[in-house]
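The following pair of complexes shares a single chain, chain A, combined with chain B in the former and chain C in the latter.
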Partner chain A sequence: MNRYLQFAVIRFKSKTAYRFDYFLGILNSLLSFVVYYSIYKALYGGAQSIDGISFSMVTTSFLISLGLSSAFNKNEMFLQDKIKQGTIANELLKPVNFKLRMLFEDAGEGAFNVVFNFLPTALIAALFANICAPSGAINMLLCIASVILGYIVLWQISFIVQCWSFWLFSVWGLVTIKNVVINILAGSYIPMWFMPEKIRSILRFTPFESIYFMPVQLYLGGLSQWEILLGFLRQLAWIAGLYVIGELCWRSGIKRLVIQGG
Partner chain B sequence: MIVMKELSKTFPDNVTAVKNISLHIAPGESVGLIGANGAGKTTLIKLICGMCKPTSGYLRVFGEDPLRRSKNSPPIGLVSGAVITDGYNYHYGHASAVLQDDIELSLNLEIVGNIYRIPKTLRLRRTDDLTKAFGLNDLLHYRVNQLSLGQRMKAELAAVLLLAPKLLILDEPFIGVDAASRQTMRNMLRSLAAKNDTTVILTTHNVLEAEQICSRILLLDSGTLAYNGSIDRLKRSHIGLNRVRASFDDMPPDLGDMPVARYTAENTCMTIEYDVSNISSRDLSGYLIKGSRLSDIIIEKPTVEQIIREIYKEEQNGNDDKC
Partner chain C sequence: METMINVENLCKTFKIQRRSTGFTGAVKNIFRPTYEYKKAVNDVSFSINEGEMVGFIGPNGAGKSTTVKMLSGILHPDSGSISVAGYIPHKQRKDYVANIGVVFGQKSQISWDLSPLDSYEVIKHIYRIPDKLYKDNLERYTELLDMSDFIDRPVRQLSLGQRMRADIAAALLHSPKIVFFDEPTIGIDVVGKDKIRRFIKTLNETDNITMIFTTHDMQDIEQTCQRLIIIDDGKKLYDGSLENVKSGCVSTRIIEAEIEDMTNGIDIDHTQITHDESSGKLIVTFDTDKISTSEVMSQLMSTNSVKDISIKEPGIDAVIRDIYEGKIKVRAATRVSADASVGAVAFSNVCHRQTAPQADTRF
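Let's look at the complex of A and B:
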């Protein structure tokens, strides 16, 4: 097996050791879905659609966001722990790319969360909520592609924030703020449709829109080919840009570590 | 294997942890790195591993600059006891250096094998040998965070030895490890050192342990190399003082003009320190027996620890003179 793939598989397996955690996780996801579902149900007040957006579209959007955030859920204190505990020395001695290994481990954890947290939640949610079906096979594939790109965007943002642990005593605060900002700006709390047009036009140029909202739109359909192409190009551009920033942060972090003496 | 020339490391806060160290460690040699807390042992190890950038001087490990280690560089085995015991984490318990906490030991060893691209048959053979030698057979299906500290340390050492590294660095590996596990680890290291195939660097406060494993001692004192040589030479060149503890039925005798280094008398007991080149143990004990009613006598040879204390004292006095 490829060494990096092995990291993902092992993380996936090791997560299965905590069964109670897993049941509580489903309950947690289900609760947050019910909260949003109820709020928007009240807001719609029986109306078929608002601004052309139907209630089931909003519900679907929340469910997809839930799935994505469970896929994106990972240990964001990973790098900090390695640095604070001093085991970073051992990690760097290993003949594997630390960053790539981290990405694969996180992906393994994400895969676990999707299979054991999101899928059961989605099945239960589908029992009481009206969820839209995917708008087509091609759109579904595009949606998955967009999720993967969105994951890489989000992962890199997280990596950059984690790199601050080379300089800061704790990055917990930064990570928390980052997550709140992303959840708001990426439209996982308030679907992008309901954002004021001015804010939306600004958000279009940030990496956030492509994380949650692009997959939702692809799933539901209704984007023109031109919009889809543009969306993917934007995601790729952000991946490239964030990669450069991440590398810079990582390298200067290592440089500092080496001067400070590890 | 390791070449250092006038190597120094000063941290940004102006603390000089390593001062002008020059030394050479040959392949297959086993070296004990000894020094008090803050003597610069860990910094020296970090320099060797490429985790720390020297301020000045020359350093080569496996013939390359450790800061430029690549994926193809020969593996360095590093076990750090301090990291494992001190690196306690709120979420995960003890830190692990090579092993991963929430995974069974057997799978961990498999991962290590894969990371270092060790062929499966070779890995299985080595795993078999190592788990036998360390008595880890019954623990293979446990997660690492279920192991006790001693078991964990043995497991870490086993995982590192799985790589058959040409350079093995052990930074305080015996911290928190019980006597039986220490013994197992020590035996393993001793047989490894005896094969002269692996270069071993062992950092410890415990001189006796270093003595059992290592053929050479490096004594670090506030960043400088206070002694570099075999333990035998250390003992010969710094003979140190013998010590007599004697107790008497009544008042201890007057030592008169006996050429002893120093003595203390308290009630009926007396402790005398003397240099055997000035007065032999036979003459001294003969004098004590003859001159008074001796009830008990113990003669102690200087231990390596005492000798090292003496060396530190000399160094310190030397430094005071300079000031």
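Let's look at the complex of A and C:
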């Protein structure tokens, strides 16, 4: 088995060790779904659609965003904790690329979250809410591809922020700010459809739109081929750009690493 | 013999924030932090041959661990060069670390939630260890380190000694050519220490693995290493054979005597006499090259009524302590060959020490 996949598997396995955590996780996801569902139900006030966007599209969008945020797992305190406790020493002793290893471990937990948290939540949600079906097999495949690219974009942003741990003792504040900004700008809290056109046209040039909203649109269908191609190119460009920045941060950070605690 | 590790003029400086205390201090820390620079490793050079087993000692904060971390590619040196098995550790980290094993006594490498066996499986994949080698090594280490009782229990349920043994096996599963032990016996009981030492020694002898062993326990060194490197304050103080250090204490003896009437002043030539307040004993330290034991004893007994007497020889701990404290001057010892006779310690003023003796010969 691939050595990096091994990190994903081990993460997946150790997550299964905490059962209570798992049940609470489902409850938590269900609650946030119900909250959004109720808010938008009230906003729609019985109307079938607003601006051509139906209530079930909004509901589906939420559910997908929920699924994505559980799949888009990242342990944002990973680097900080490793540096703080000095256990980064052990990580650097493994004959693997540190970044890839980190990515796979996060992805392993993401896979766990999707299987044991999102899927049960989605099934329960589908019982009482009207959820749209995927718009076709090809679109579904494109959606999954876009999800993977979106994850890499999101993960790299997180990595860059985490690299600040080499200079700062705590990056919790930075991470929190980053997450709020992303959640708003990426359309995870408010679907992009309802953003003012001016803001949307700016957001198109940021990496954020492609994270949550592109998979939603691909799932629901309705994007032209040109729009799909452009979306993917944009994602790839951001991945390349963020990779270079991340690599620079990591290299200058690791040079000034201090191992804490003996 | 081939040179395995070569270190030249290695330096590493850490920037430390000097924190002021109190409220105004806290405010000052935020707006105008002050820094100081600490030279953790200061111009250290040495070379180690293949299959050698070297004890690396020094007081806390001497720079041992920093050196080991630079040797293992974790920390980047500020200046100087390191070459280990043909690699430059910090530059070729990923490829290099596949050839080494590192055990940190203070940091476990195996996963908290899993059993050692599960962790070993992961290591097997990460290091791409062939099935046969993995099986052989696992079997061998399980037996040598006596791990069969706990190998399938979650690590968080293991005792420190068990976890340490599991950690050592983890670091050696891929049959590395070089192993660094950074205080592997810290906090371990006597039996556990013994198991670890014997394992390390066996491995060094049978597999010809090059090893560096940092510790504060001199018995670790005495039972495993032939060569000793002492560093303090980032500088190398001694590099040579362990025998040389030990021979420094061969001619020193300490007599402890309980004397009935202490009012008489006692003075014997060539000895140093102190009075230990807590035990009420007289402590006489001398060098047998200058005065014989029987001479000291007869002088002592002729002038006093001695109730109880014992002769001790100071252990290696005492010698090391004196080296740390600067009581013993170390002759500059730059090691050139594997021949251990180069480094030497000057023990001229050993007699002036007043340390607690170790080996005890009682009458």
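Please note the rule applied: the second predicted complex is superposed on the first by the 257 of 262 C-alpha atoms of A that agree within 3 Å, B and C clash if a C-alpha of one lies under 4 Å from a C-alpha of the other, contacts with A are read in each partner's own complex, and residues count from 1 in each chain.
Going forward, a residue touches a chain if its C-beta (ideal position, glycine included) is under 8 Å from a C-beta of that chain, and two chains touch if they have at least 3 such contacts.
These figures come from a predicted structure and were not determined experimentally.
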item	value
When chain B and chain C are modelled together on chain A, clash or fit	clash
Partner chain in contact with A:Met77 - chain B first, chain C second, else both or neither	first
Partner chain(s) touched by A:Ala17 [first = chain B, second = chain C, both, neither]	both
First (chain B), second (chain C), both or neither touched by A:Gly173	neither
Common interface positions of chain A, toward chain B and toward chain C	1, 3, 6, 10, 13-14, 17, 86-90, 92-96, 257-259, 261-262
In the complex with chain A, residue positions of chain B that touch it	9, 11-12, 17, 43, 46, 49-53, 67, 69, 71-73, 75-76, 78, 80, 82-83, 86-87, 89, 91-92, 95-98, 100, 102-103, 107, 111, 114-117, 143
Residue ranges of chain A in contact with chain C within the complex	1-3, 6-7, 10, 13-14, 17, 86-90, 92-97, 254-255, 257-259, 261-262
Complex contact set, residues of chain C against chain A	14, 65-66, 69, 72-76, 93-95, 97-98, 100, 102, 104, 106-109, 111, 113-114, 118, 122, 125-128, 183
For the chain A and chain B complex, residues of the former touching the latter	1, 3, 6, 10, 13-14, 17, 77, 81, 84-90, 92-96, 257-262
